[in-house]
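Structure incoming, see below.
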Amino acid sequence: MNGFEELDFAKLDTSREERTGFPEVVFCSGKTDEQLKEIYKRLLSENGSVFGTRALASQYEAVKDVIPDIVYDKDSKVLYKGRGDFVSPIGKIAVVTAGTSDIPVAEEAAKTAEFFGGNVLRVYDVGVAGLHRLMARMDEIRTANVIVAVAGMEGALPSVIGGLVKVPVIAVPTSVGYGASFEGLTALLSMMNSCANGISVVNIDNGYGAGYIATQINRLAVKGKE
Amino acid sequence: MNGFEELDFAKLDTSREERTGFPEVVFCSGKTDEQLKEIYKRLLSENGSVFGTRALASQYEAVKDVIPDIVYDKDSKVLYKGRGDFVSPIGKIAVVTAGTSDIPVAEEAAKTAEFFGGNVLRVYDVGVAGLHRLMARMDEIRTANVIVAVAGMEGALPSVIGGLVKVPVIAVPTSVGYGASFEGLTALLSMMNSCANGISVVNIDNGYGAGYIATQINRLAVKGKE
Amino acid sequence: MNGFEELDFAKLDTSREERTGFPEVVFCSGKTDEQLKEIYKRLLSENGSVFGTRALASQYEAVKDVIPDIVYDKDSKVLYKGRGDFVSPIGKIAVVTAGTSDIPVAEEAAKTAEFFGGNVLRVYDVGVAGLHRLMARMDEIRTANVIVAVAGMEGALPSVIGGLVKVPVIAVPTSVGYGASFEGLTALLSMMNSCANGISVVNIDNGYGAGYIATQINRLAVKGKE
Amino acid sequence: MNGFEELDFAKLDTSREERTGFPEVVFCSGKTDEQLKEIYKRLLSENGSVFGTRALASQYEAVKDVIPDIVYDKDSKVLYKGRGDFVSPIGKIAVVTAGTSDIPVAEEAAKTAEFFGGNVLRVYDVGVAGLHRLMARMDEIRTANVIVAVAGMEGALPSVIGGLVKVPVIAVPTSVGYGASFEGLTALLSMMNSCANGISVVNIDNGYGAGYIATQINRLAVKGKE
Amino acid sequence: MNGFEELDFAKLDTSREERTGFPEVVFCSGKTDEQLKEIYKRLLSENGSVFGTRALASQYEAVKDVIPDIVYDKDSKVLYKGRGDFVSPIGKIAVVTAGTSDIPVAEEAAKTAEFFGGNVLRVYDVGVAGLHRLMARMDEIRTANVIVAVAGMEGALPSVIGGLVKVPVIAVPTSVGYGASFEGLTALLSMMNSCANGISVVNIDNGYGAGYIATQINRLAVKGKE
Amino acid sequence: MNGFEELDFAKLDTSREERTGFPEVVFCSGKTDEQLKEIYKRLLSENGSVFGTRALASQYEAVKDVIPDIVYDKDSKVLYKGRGDFVSPIGKIAVVTAGTSDIPVAEEAAKTAEFFGGNVLRVYDVGVAGLHRLMARMDEIRTANVIVAVAGMEGALPSVIGGLVKVPVIAVPTSVGYGASFEGLTALLSMMNSCANGISVVNIDNGYGAGYIATQINRLAVKGKE
Amino acid sequence: MNGFEELDFAKLDTSREERTGFPEVVFCSGKTDEQLKEIYKRLLSENGSVFGTRALASQYEAVKDVIPDIVYDKDSKVLYKGRGDFVSPIGKIAVVTAGTSDIPVAEEAAKTAEFFGGNVLRVYDVGVAGLHRLMARMDEIRTANVIVAVAGMEGALPSVIGGLVKVPVIAVPTSVGYGASFEGLTALLSMMNSCANGISVVNIDNGYGAGYIATQINRLAVKGKE
Amino acid sequence: MNGFEELDFAKLDTSREERTGFPEVVFCSGKTDEQLKEIYKRLLSENGSVFGTRALASQYEAVKDVIPDIVYDKDSKVLYKGRGDFVSPIGKIAVVTAGTSDIPVAEEAAKTAEFFGGNVLRVYDVGVAGLHRLMARMDEIRTANVIVAVAGMEGALPSVIGGLVKVPVIAVPTSVGYGASFEGLTALLSMMNSCANGISVVNIDNGYGAGYIATQINRLAVKGKE
C-alpha cells in the first residue's frame, strides 16, 4: 500500500486525489491504444470517473471499446467519463479568448473546469483589435472568481483584462499565429512581461493546466480552504 | 474626473483600487529622484499609504526627504508607508525558496503580500538537492491558501511542491545561477513545463507580481468573491 | 563631384538630402570627440543645420567648443542646431508612450520629427494597465496623420491603438523591463505579431527611426508626393 | 447596437471600417469551411465586399458554394469579392521583391492594396546580387507614394532602396531561404537593423499587413487626412 | 594496416575497440539500405557482433536479408546481433524515467548497456509529480554503480535523484513535452543547471550515449581500470 | 533530528555526506560575509573540513577572521580547509584544457577532486589547433580513471579525446571566447553533439561539478561500489 | 541592353559572368516546373551551359523535356549541362567530410567546383571520433589549393584540419545530427569559433557556396588575378 | 623535440609556421602581464618577430618592459614587433567597411595582413545607405586578390560587393549596432544568408581571422601553391 498501482509501463498515482484534490488525469498524447485502454479502465475503476486530454479520434475509438459511454469532444480533444459534481457546478470561472482560433485551447480549459465541478462562463473572440467587443462583456466577466485568458499572436488580452478586474488572471498563450510568433513563444513572453498585475502564465496551448488552476482558485473562493 | 491624475511625466491611476482592489504601486527602477518624490507624495496623499518596488538606497534617501517615516528594506528593495490591514493579517500565504540566494526575491513577494494584508509563512532554503528539508516543513506549508515557490538554477522546486498540495502554486524563477541558467530563463522554462499541476509562472525575479496574485487568491479564500 | 565628401575616417553623404529628402544625421555613439567635431562642422557648413542622436554629455561639451550654440537635450540625447522649418511646423504627429520610462525614446522621436518640421502631439504614460487614460486622449490622437507608439515590457500599446485609428502606427519597442523582456526583444516580437492592422515596427529604442518615418508620412499627408 | 455582430464562434467587428477606414478582413487559416462560409456571407452582406487571406484551395471551393463569383488567387491565396474602388485606383504603391520566390508574399501585398483602391507598380526579382536590375527600375519606383520591399535570405533589399528614396519603405521579411535563415528570422532582424532610414518592418510573410499600411500612406498622400 | 577499412562511402573504424573498449556502433538514421547492409555485414564479420541505433523497421527488413538472425526492438529502434557478454552481465546500471513517454529513450540506453555486458535495473514512470513512487524504489536504485535518469518536460528527475545517491547520474533530456519544452531544450537546460551534484548531461533523446557512459562507469566499478 | 541544521537564512544539510558520500559544499557567490562566516564555522565544526567555490578575495578575508588557517586559491577561487584524504590520494583523474585561459575552471575541478581525495594529473593548453601537443601526452592521459576536458570557443577537445580513450570524459564548456561563442553556449552545444562517445557535459565554467563527478567515478574505479 | 533579360517572373542576370567570373546559377528550390524550363532554356542559350542546385527528381523530369541531355545527380541534387572546362580541370580542391551522412552536401560542393573547371579530391568519413582516418590522408589533402570541410553534429573537423594546413579551409556546417544540433546551428557556431586559423564559414548545407568560393581561390592559385 | 615548447601555463606551438605558414599569434585577452611577457619574449626569440591581438594598453606597457621597441596600435589593439616581409608587401587585399565605427575591426584585419606581408587597400565608410560612395571606389576594389568586408547592423555590405567582383569576399560581422543587432549576431546571420556568391564569414569582430585568410588567398594568388 504505497499510494500507486504498478502497471507494466506506468505507475498509477492512486493517492493523488487525497494529496492534491484532483485524481490523476491522462495525457493521451504519445500513448498507445493498448496503454490508454488499460489506464482508462484502471482509473475509472479506482476513481469512479476519468478525464484525459489531447486524445486523438482514433484513441477515442480504442477507449470506447472498453468504456462504451466514454465522451469525446473533438475540438478540445478531451476524453472523459464525468463525475457527480457536474450536477451542481459551483462558483464561476470566466474563459475568454482573443480570437476564434484560440477556441480549442479555451475549450480544453473550460471542459477541465467543468469536469472538476466549476461553473464556466465563455466569452470568445474579444481580442484587442476591437476592444469594444471586450468592453461590452466586462461586467459579466467581473462576476467570475478567476479568469482564464487565452490568446495567440501578441498575447495582449490578459494585460487589458488584468487592468480591469480584482481576481487572478491565468494567461494561456496559444500557438495561433505565424512567422515571428514562434509557435506561441511571443505570446508567452508577452504575457510574462505584462504591465498589468494579477497575471500568471502557463505553457503554450496548456488549456488543461489553466482549467486546473482556475478550479483550485474557484474552490477556494466558494468553500475557502478545507 | 476621468480616474487619473495628470503629472508632467505620468498619469497616476487614481481609480485603480476601485477597479482592481489594489492601489497603484510604484516601480521605482529608472525613475528620477524628483519623479519619485512627486509620485510618492501624491499616492500617499491620495491613498493614505504607498508601496514601491526595486528602490535604490539613494532613492530611499530622496523619498525620505519628503516622507520622513517611509520604510525601506534593503534586501527586497521595497519602499513603503504601510496601511491599516497590517493590524490583523488574514489567511495564509506560504513563501518558499530553493536556496539562500533566492531570499531577496522571496522577500519582495512576502512584503508585498503583507503590505496588502496577508499573513505570510516563510520557508527558505528547502531546494530539491536535500528533499528532507522540504518534507520536514510540508505539513506547515499545506496550511496555506496559496504557495509562492521561488527558485533559480533548474527551478525544480515548484514541480515537487505542486505534486503534494491542493492549492495553487505561483512559481517565481530567479536569476540565481550561472552559465546556461541564462539569467533565469532556464528556471522560467522549467517551471512552464512542470509535470505537476496547479503551477503558473510570473516573470524572472518578479516577487512583487507573485505577492500580488497570492494576495488575490488569499483574499478569495478568506472572504470569497466580494 | 560624386555626392560625398571624403574625410579621413568617413565619407559624408552630401547628396543625401537630394536623394532622400533628409540630410545626413549623425549617430554619435562610438565616435571620438575629434571625429564628432569635424563631422558636425562639415555638416553644418554643408547643410546649414545639423542633427545627431545618442550623444553623451561629454560629446556635447566637445562639439560646443566648435559650435557654441549647439543644443543638447539630456533625456533624449539629441544634439542639434536647428533649421528654418521650426518656424511653422506642418501637419500632426502623435507620439504616445505606455509608461514614464519610455519617455526618453519617445523624445528622441518627437525631437527628430520637430527638427524636420513636424508638429508633434505628446501623450505619455497611457499604457494598457489603465486603459481609461488612453481612452481619455483618443480623440486628440485621432487628429494626427501618423502615430508613434512607444512601449517596453509586453508592448501591447500599439495593438490597442491600431484597432482605433485610420492612420499608420509606427511601433517602437523599448528596452524598458526586466527578466524575460530580454532588453526589448519581447516588446519587439509582440509588436510584430499584432492582431491589429496598420502597425509596422522599428528597432528597439529607435526613436530616431520612428520620428524619421513619421516625418515622411506627415509630409505626404500635408503636401502629397512632391 | 454595440458595433459587432455575435456569431456562435466569432464576433464580427461591424464598426471597424468606421473606426479604421478598413472593413474586417478574414484570416482564413485555421477556420473551418462552415465558419468561413458564414463569415464571408455576413461580411459581404454587411459591407458589400469581402476580402480574406491565406485561403486554401479547398476553402475557396467551400465559399464558392455560397458566393459563386468569389475570386481566388492561388499564388497569393487571397479570396475576395471586390469593391468599387477598383474602377479608379488612386496614387501609386510600389511592390518590389528581391527574388522570384518572394512573389507570393508580394502578391498578397499588391492584391490587398488593389482591393482597397490603390494603384500598384510591381517590380520583381531585383535583389542585391545584381544591383543593376534594381537601378534600371529606380526612377519608376521613385514615383510611388510608398514602397513595399519584400525579401528573404539576408533581407538587404530595403536597406538599398531606403538610401535612394524619399518615401517610407515597408519591409516584409519572407521565409525564403534555408539553414541559418531560420524561416525568415534573419531577414526580419536584418531589416530591423537597417543602416538606411525610413524603413519599418512587419511580420514574416505578412504581405497583407504591408499592403494595408501602404494603403493608409497612399491614401494620406493622395487625399491628406480626412 | 592503418586501423580502418575503406568502403566506397565510409571508413569503418576497425581499431576502435582496441582504442576505446567498444567496437564501432552504427547510427542507422539517414543511411541507405544498401549502405546499412554492407556496414552490418562488415562489422559483424570484423567483430563477431554488431549494434546499431535509430533503425527504421524498413531498415531492419533490409538488414535481415543479409543477417537473418538480426534482432530488432521496435520501441527503442536498436538493431543488433548480440555478443557473449550477455551470458553473465556484470555490475548494475539503473535506468529510471520520469514518465511513460520517456521509455523508448530509456530502452535505447538499457539495451546499449546490456549489449555491452551490463546488468540493467529498469525503474519507469517515477517523475516528481508523485514523489512517493520514486521513494518506494530508491533503496533498489541505490544498489546501482551508475544511474541513467531520463526525463522530458521540466527535467527535474535527475536533480531529485542526485541529492539521494552516491554514484554518478547520467541525465538524458527527452523531447517529450510541448510548447515551451522546445523539443527537449528546456529539459536539457534544466539538467545542466541542477542544484544537486553528480549530474552530467548528454544530448536530447541520446539514450545510446547514456548507455555507453554507464557501461564505462559500471566496468570501472566492477573491474577497475584495466 | 531531521538531517539538517536550521540557521536564520539557510538549512545546512548535515546528512548529505551520509546520503551522497560528500559533505555540503559552499557556493560562495552572492552570500554575504556574515552568512559565509556562519556557514563555514558550522560546516567545519560539523564535518571537520569545509570546501567552497567562487569565493571573492574579500570573502576569503572575512572567513579568515573566524578560521585563520582557511586556504584560498585566487585563480580557481576555491576556499577550503582540507581533510585527511589528502594524505594518500587515490586513483587518477586527468584534467585537460584546450587553452591557457581555461585554466581557472580546470583548477576548480582539480582542487575539488584533490579535496575529496583524488590524485590529479594536469595537462593544460593542448587544444586542437596544435594536435601534436595533445598526442604527446595521450599515453599519460590514458592512465587516468576518468578525464575532465575543459574548453571554450568551439569546444572540440572532448570529441578528440573521446575517440582515443576507454574511460568517461566529463566535458566542461568555458566562457572563454567572444562574439558567437555566446559566453560558452557554443562550446556547451558543441560538446552535447560530439560524434565521439563517452562524453557527458556539465554547465558552463562548472569546474566544481566536473571535479565532483570525476571523484565519484575515480572512487568507483579504485574501491568499487561500497 | 542593361545586363539582364526580363522574363515574366524573373530578371536573368546576363552580365553576371562578366562581373563575377561565373554565370548565373539556378536555385531550383521553390520554382515551378514551367519557370525552371524557361530559365534553363534561356541560360543554356545565353551561356552555352547551365547549372542548378537543389533540384527535385520531378524538376529534372520537367527540364529533361526541353533539354534531353541535361544531367541530374540525385544525391547532391545538382542539375546541369556541362561546359568545356571539364576537359582539363585545373588546380586541386579537397572536399572532406566528417561522416557518411555529410556526403550529399559535399557532393554539391564537389560538383559545383568541377562544373566550373576545378580538379576535386574527395576524402569522406574522416571525422574526429577516429582521427587516424584523417591523418592517413593528410599528405594528400595538403596538396590542395583550398579545402572544403563538411561536418554536422559538433562540427569539429575544420578546426583539426585548420591546424595542419597552409591553405584556406571553407567550413560547411550540415544539418546532420539531432536534438541540440538544432538542424546545423551548433555546427555553424562551432565552426565560427574555431581556435584554429584560416577557417571561414558558409550557411548550413550550403555545399554550392563552398564550391563556388573554392573555385575562386583555386583559380587565383593557378592563374593569379587575371 | 616534439614541436612545442612547454611553459608553466602554456605550450608554445613552435612548429606552427612549418605546418601552417604562420607563426603562433598571441590572443592577449585574458592573459596576465607575466604570462604575456614570457610568451612575447619566447616567440620573438623563436621566430624573430611576434604578433598579438586584443592587447590592452596596460598589457602593452608590461610587454614594453621586456621588448622596448614593441609596437602598439590603440585602435585595433594589435601589439607586435614586425618582420622582414614589410619591406616589399605582395599582392593586394582590400579592406572595406560599412561605417566609421567598424574601423577598429577593419584595422585589426589590415594590420594582420600587413604583418604577414600583404599590400592592403583601405576603403572605409561605404555602407549601403549611400551606395554611390561604394560605387565610386569599386574599380579600385576590383584590383584586389581578395576582399575583407566589415559591417555591423544589418551587414548588407558583403552581399552588395559579392555581386560585383570575381574574387572571394571574407565577411566580418561587427558588434556595431544596438537593440536587435544582438551584439553582431544579426550581421553574422545576414552575411551567412547572402543571396550573392563568394562570401564566407568569420566570427563577430574577428578582424584578425579575416586578415589571416586574406593573407592565405593573397599568397596563393601571387605565388600559387608552394
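So that you can tell them apart, the chains are marked A, B, C, D, E, F, G and H in the order they are listed, and the count of residues begins at 1 in each.
In this text, a contact is a pair of C-beta atoms (placed from the backbone, for glycine too) under 8 Å apart; a residue touches a chain by one contact, two chains touch by 3 or more.
Bear in mind that the values here come from a model prediction, so they are computed numbers and not experimental data.
Asks: By residue number, over half of the contact pairs should agree; on that basis which option among E-F, B-E or A-D is the same interface as B-C?
Replies: A-D
Asks: Let me have the rounded angstrom distance from the C-alpha centre of subunit C over to the C-alpha centre of subunit F, please.
Replies: Roughly 51 Å, centre to centre.
Asks: How many angstrom lie between the CA centroids of subunit A and subunit F, rounded to a whole number?
Replies: 45
Asks: What is the distance, in whole Å, between the centres of subunit C and subunit D, each centre taken as the mean of its C-alpha atoms?
Replies: 26
Asks: Going by the touch rule set out above, which residues of subunit G reach two or more other chains?
Replies: Within subunit G, residues 129-130, 162-164, 179-181, 185, 188, 192-193, 197, 203 contact more than one other chain.
Asks: I'd like to see which chains touch which, written out pair by pair.
Replies: A-B, A-C, A-D, A-E, B-C, B-E, B-F, C-D, C-H, D-G, D-H, E-F, E-G, F-G, F-H, G-H
Asks: Can you tell me which positions in subunit E touch subunit B when the two form their complex?
Replies: On the subunit E side, the touching residues are 98-99, 127-131, 153-156, 159-160, 162-164, 177, 179-182, 185-187, 189-197.
Asks: For a test of understanding, state which residues of subunit H touch subunit C in their complex under the given definition.
Replies: Against subunit C, subunit H makes touches at 100-101, 103, 124-126, 129-130, 132-133, 136, 176, 178-181.
Asks: Taking the complex as given, what residues does subunit C use to touch subunit H?
Replies: For subunit C paired with subunit H, touching residues are 2-4, 9-11, 13, 15-16, 29-31, 35, 173, 175, 183-185, 188, 203-206.
Asks: Give every residue of subunit H touching subunit G within the complex, in rising order.
Replies: 19-22, 25, 91, 143, 145-146, 163-168, 170, 188, 192-193, 197-203, 209-210, 212-213, 216-217, 220-222, 224-226
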